[in-house]
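Next, two complexes with chain A in common: one pairs it with chain B, the other with chain C.
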Partner chain A sequence: MVAVPERRRVNHEATPMNRATISAQLEDFFRREFPNPGVELTASTDLLQNWLVDSLGIVNTTLFLESRFGVDVTRADIRAENFQSIDRLTDFVAGKLDP
Partner chain B sequence: MQRLAIEYLIHTKDRFSDKAAIVDADGHVTFAELWRRALSLAHHLGRAVDGRDVPIVIDLPKCVDAVVALVAVQLIGQIYVPFDPATPAARRRRMLDTLGEHHIIGRDESGLHVDGHSVDATATGDGMAEERVRAALNARNSIDPLYIIFTSGTTGTPKGVTISNASVIDYIDWAATTYRVSETEVIGNQAPLFFDNSVLDLYLTFAKGCTLHLIPPERFLFLPEMLDYLEEERVSLIFFVPSVFANIASLDLLAEYALPDLRKILFAGEPMPVNTLKYLRQRLPHALLSNLYGPTEITVDAIYWIFGEEIDSLRAVPLGVPCANTRIIFVDERGEPVPDGGAHAEICVAGAGVALGYWNDPQRTTEVFIQNPEHRRYHDIVYKTGDLGYRSADDGLIYMTGRKDNQIKHMGYRIELEDIEHALESLHGVTQSAVHYDTEHKELIAFYCSTNGAELSDPRRRLAEQLPPYMLPRRFHLLPAIPTTPNGKIDRRRIWQDYGGGA
Partner chain C sequence: MTTLLSGGPVTPEQQLENARTHRPGPVLAVLAVLALYAYLFTHVADVFDLPRPQALAENLGLHMDHVFDDDHNVDSEIRIPKTRIFNNDDERLILFAVAAAAFLCAYFLPLRRKRQALVFWFLIGLLVLYGPRATAGLVFAHWLVYLTLHPPSGRRALAYGSMPGLLAYLAFAPSSPTLVGALPGMAAWGVVAALAFRFGLRPLLEREAIAVPLRTVAVQSAIILVFAGALFEGLAGDAWALPIGILLFFWHWERLIMYHVDYKDGLVPKDVAPLAYLSVFLHPGALPNWTWGVTIGQGYAYTNNNFLSEEKNKLIMDGLRLWGIALIYLVFGDWIRYAVAGVLDDLGFSVYAGRTRRMVCDFVGGGDVDTPSVLLTTFLDLFRWLLLWGGVVHFKVGLWRICGYRIDPYFNKPWMATNLVSFWPRFTFHYREFLVRAFYYPVFFRFFKRHTRTRIVFATMASVGAANLIWGHMTEEMYYHGMRFEHFGDMFQTWPYFFLLGAGISLTELYLLQKKSRRKPWTLDARIILDVVAAYCTLQFFALLHIFMKDCRGGTQGDAWRLFLKAFGIEL
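Take a look at the complex of A and B:
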């Protein structure tokens, strides 16, 4: 029985990522997964307004962080302060990759 | 003999007077305080409201005040109508028009108001006199309406499902017995008051003297915050929509929570994914797991199942067996009864929970509340759910296979796709539309045509002026034309086939 999902992890240790790369990949993710034509999206846009409006959005973003950046997201990490904007998510990922 | 749902609270307010009854983000009220505050609001409400069977809108977020309000409405012998305060103005207007004569309980910084006038509804204010309460309650009986809950309609105008006191009493007595609920229960509420799953939480609390936690909705956005709440408050019973559990399972959040106090997990509102059910059993082996099924029109639930050892071998999640005082009938496309249903048989519900119909809407009422097709010997009303299903020959349980129309469930919310299409087609420039629900990604996707072939700018924000947030499509695709079937109807399957994946 494999009821407990296997969360995909990618090992990125060989290719350290800079903040600009992380931020750009996050922005691309939000444009693709949460399209909002006509609404501005910048690194400081409040994601909890138009983008991450339900828990499914938070779940999908968390799974993206884990699979794309190989970070380990725990119960203490899934909080509004980390998901507020692309800037905050970038801080969070960068902090996890280079503690 | 109990006639009115409010009688539950009349008994428990004395037995459990100093115990916390309702808890929200701002604090809690005891049973005695809840009663006093409701008497106080009823005192003002009684002066504003005249006549029999008058709907009183509760235009409040989920909070202690909202519970005070729905008790106060019962004390003056009227019908409460929980509204989603986020309902956009135009939709709200249509709902109020459907109600006809009505009053509104709302709130601003200074406190509660009735029809815009501030009222003192604190525990120390003047209360409605006991003999006046008695007179108001004596004038009502068990088949009088208790509440009206609105649900999405295909015409774009929501329908007001009208439920009697008797139906709620029957349902709550069944639930209290089936789930062995006593005053030791700490209930964690997820459903907003305008979604009838909250009826179980509220009236079990009133009936048994439980403590009800109205978990702040924002905690359901970041699920660890919700799980922290269950852990800290030692919640013992929850009745949530399956989406919440599916999201918990996707992140395997229960690996970090033991939740030893959580003994009863109930779910309803949409199909429970089989892997999510197995996940819950694996992570919370000590908890009772129960699936429930029922549209608002039959009073919360008509079918239920408590899972046992069979979970491991399940390939689909059954709805289960009928609740007490409920009978399930299957009918085919021609309306003829078919004993055990089938892939294209509609589930119909007969019994104590069947609603009084749709408020002020005899036409839509007679379309779905029909004479039991099995006989014509006496007046026997069954509700046609629109859900398709059958009773399995293998385990004797009822299973659901789909819908006969375009109603979907999104995060537990019941939505008629036509309701969204009506709103979309009212936007300037949109000539035709078709909304699809992608069940795999749980996304609403809108396809539309426009007069000059121009793309809509900022469609989500414009639709938000007409639809509640959970009905807003995630993606919008402009099409040159909407494909139709030979008889001219929108060909929903072809739209998704042609434009779905790569669009």
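Take a look at the complex of A and C:
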């Protein structure tokens, strides 16, 4: 599980969030929280097939998205198209930050 | 292992490609394994004048207790519940024959006919095992739900709307000696149903404010009816008896709830055809032990996205692997348990043949049960249950797989779980997904969004505690033992099991939340010994909780707590 700071401590506005930054932070998160030695992780790796273990992995990722990027993730956002890959998650976060 | 979100929609082109290659090897392998199952678990040896399994084993020098039953074939937990027409061996033979026919159709028929063929063979199996009334009752109930979720319009409104009437007549009307004699009644009930749907239900379903609660009532009809029946029994003293077809439908209620979750999430097309709807639920894999592993297949999206999402011969080989593991568990499970119990007895430990209830009853009756006995008996009982459970659900998932569905194993080496959070998906994957999707997520995404820890604990207690008790165990108690008011009390008496399990999982989640080390469990290093200890503690804790589920006549909850605490060396 990710070590999630409470939301009031989040300061994501301090640096502008571009896609590259979001993507890099997501990649770092997945490497750290879901260690998968020997399996390559790229921006297009299918997270649902090979990386996230189960639905609590989704919960864990949600907590990370909310705390790190300050986005509000709803029940309806928990869909394969949003969590399929780091690329998709980056699009999702970027869309939430700049609707 | 993949997730509930796994497998995005698979295209017809991909399915065609995955179904293209016919190979004799996998086909013959499936038929051979089914023949082996039939040989071991049915009377088929007598039919072909072959030596019975016990005689064969003894000729090979294998003398094993607790493997063979009185008729000298292998005693099996694969069974068809509540049939009155056949004995267990004959039921299994019918099941294996249906499985073989369904497999051949799913393998060789054109893509558009494969899933229809699986529905057909499921219904044929049901018809043979339970008769036409039960079969009509099950389809009747599903058809009502279908009409509520996918109301047809135009001419189809009358045609589809008439079906519940026709089916209800077959299922519930007084018996008619011949089909011809039944036709007038069927026609009359069909016309009434068609008109009732077209001019009654259909207009209501066009108004969203009414349609939403109606859909919920249809999907939750099982729990509503059994609870109403139990209350009625408490007030009036008469217990309702459920026709077998309706009982079969009720056991689909968890999957219906998941179908409804998909529906609300927009993952189910509005114009699903009746057969496509039925194919989600009516699969040969749902025939054996239909009260076990009832969430296998989950909802619409999971079933749909995983049909021929991989090359069919690969799916078959995966299914055969599960059947092979199932065979080991089913044949040797009891033999291993009794062997371990014998060794422990010889060492001076009382383990009650690995039966927690026997130990609880001995304790309630004034017996002296010590800490090692509590630990070893509950652990051995869990071990026994894991092997039985694993054998049956592997067989069920294997049957789905050989018929073309890439269904995740329900059971995946739970003894490798190093904490309670990882234990659940390994022990009961699809049920865990049901609890998460239907209860955990709605609570998690709605309440305490600014308080991470409270949010996790609240969502966990709501799903593992409350929903698991009410939608899981209490409803099943009514299905198993009838709609009686006393079952409310019986199940609420078991609250410590749900509370302690929820608390244990919540604390584990909070621990994992702040855990610094990201080492993967079972990595070959010096800390692997901690993995072994953690795995034992996880299993032992879960095993001990079952003390609260094994009531004994004359026992109190205080007795259960005292026995539970004995495991920790605490005497009260």
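Odds and ends about this structure:
Methods note: the second predicted complex is superposed on the first by the 87 of 99 C-alpha atoms of A that agree within 3 Å, B and C clash if a C-alpha of one lies under 4 Å from a C-alpha of the other, contacts with A are read in each partner's own complex, and residues count from 1 in each chain.
In this text, a contact is a pair of C-beta atoms (placed from the backbone, for glycine too) under 8 Å apart; a residue touches a chain by one contact, two chains touch by 3 or more.
Since the model is a prediction, treat every value here as computed from it, not as a measurement.
Following the overlay on chain A, a clash is recorded for the pair chain B and chain C. Once chain A of one complex is fitted onto chain A of the other, the partner contacts of A:Pro35 extend to both chain B and chain C. Contact with both chain B and chain C is seen for A:Phe83 once the two complexes are overlaid on the shared chain. In the superposition on chain A, A:Thr74 makes contact with both chain B and chain C. After overlaying the two complexes on the shared chain, residue contacts for A:Val59 are found with chain B and with chain C alike.
Of the two partner chains, neither chain B nor chain C is touched by A:Ser44. Stretch 260-268 is the one among 260-268, 422-430 or 458-466 where chain B clashes with chain C after the superposition on chain A.
Comparing the two interfaces of chain A, the one with chain B and the one with chain C have residues 1, 3-4, 7, 35-37, 48, 52-56, 58-59, 62-63, 73-76, 78-80, 83 in common. Residues 1-8, 265, 421, 425, 429, 432-433, 436-437, 440-442, 444-446, 449-452, 456, 509, 512-516, 518-520, 523 of chain C are the ones touching chain A in the complex. Interface residues of chain A facing chain C in the complex, by the touch rule stated above, are 1-4, 6-8, 32-33, 35-37, 48-49, 52-59, 62-63, 66-67, 72-76, 78-81, 83-84.
Residues of chain B that touch chain A in their complex: 218, 220-225, 227-228, 243-244, 247, 249-253, 255-257, 275, 278-279, 281-283, 312, 411, 442, 455-461, 469-470, 474-476. Across the interface of their complex, chain B is touched by residues 1, 3-5, 7, 34-39, 48, 50, 52-56, 58-59, 62-63, 73-76, 78-80, 83 of chain A.
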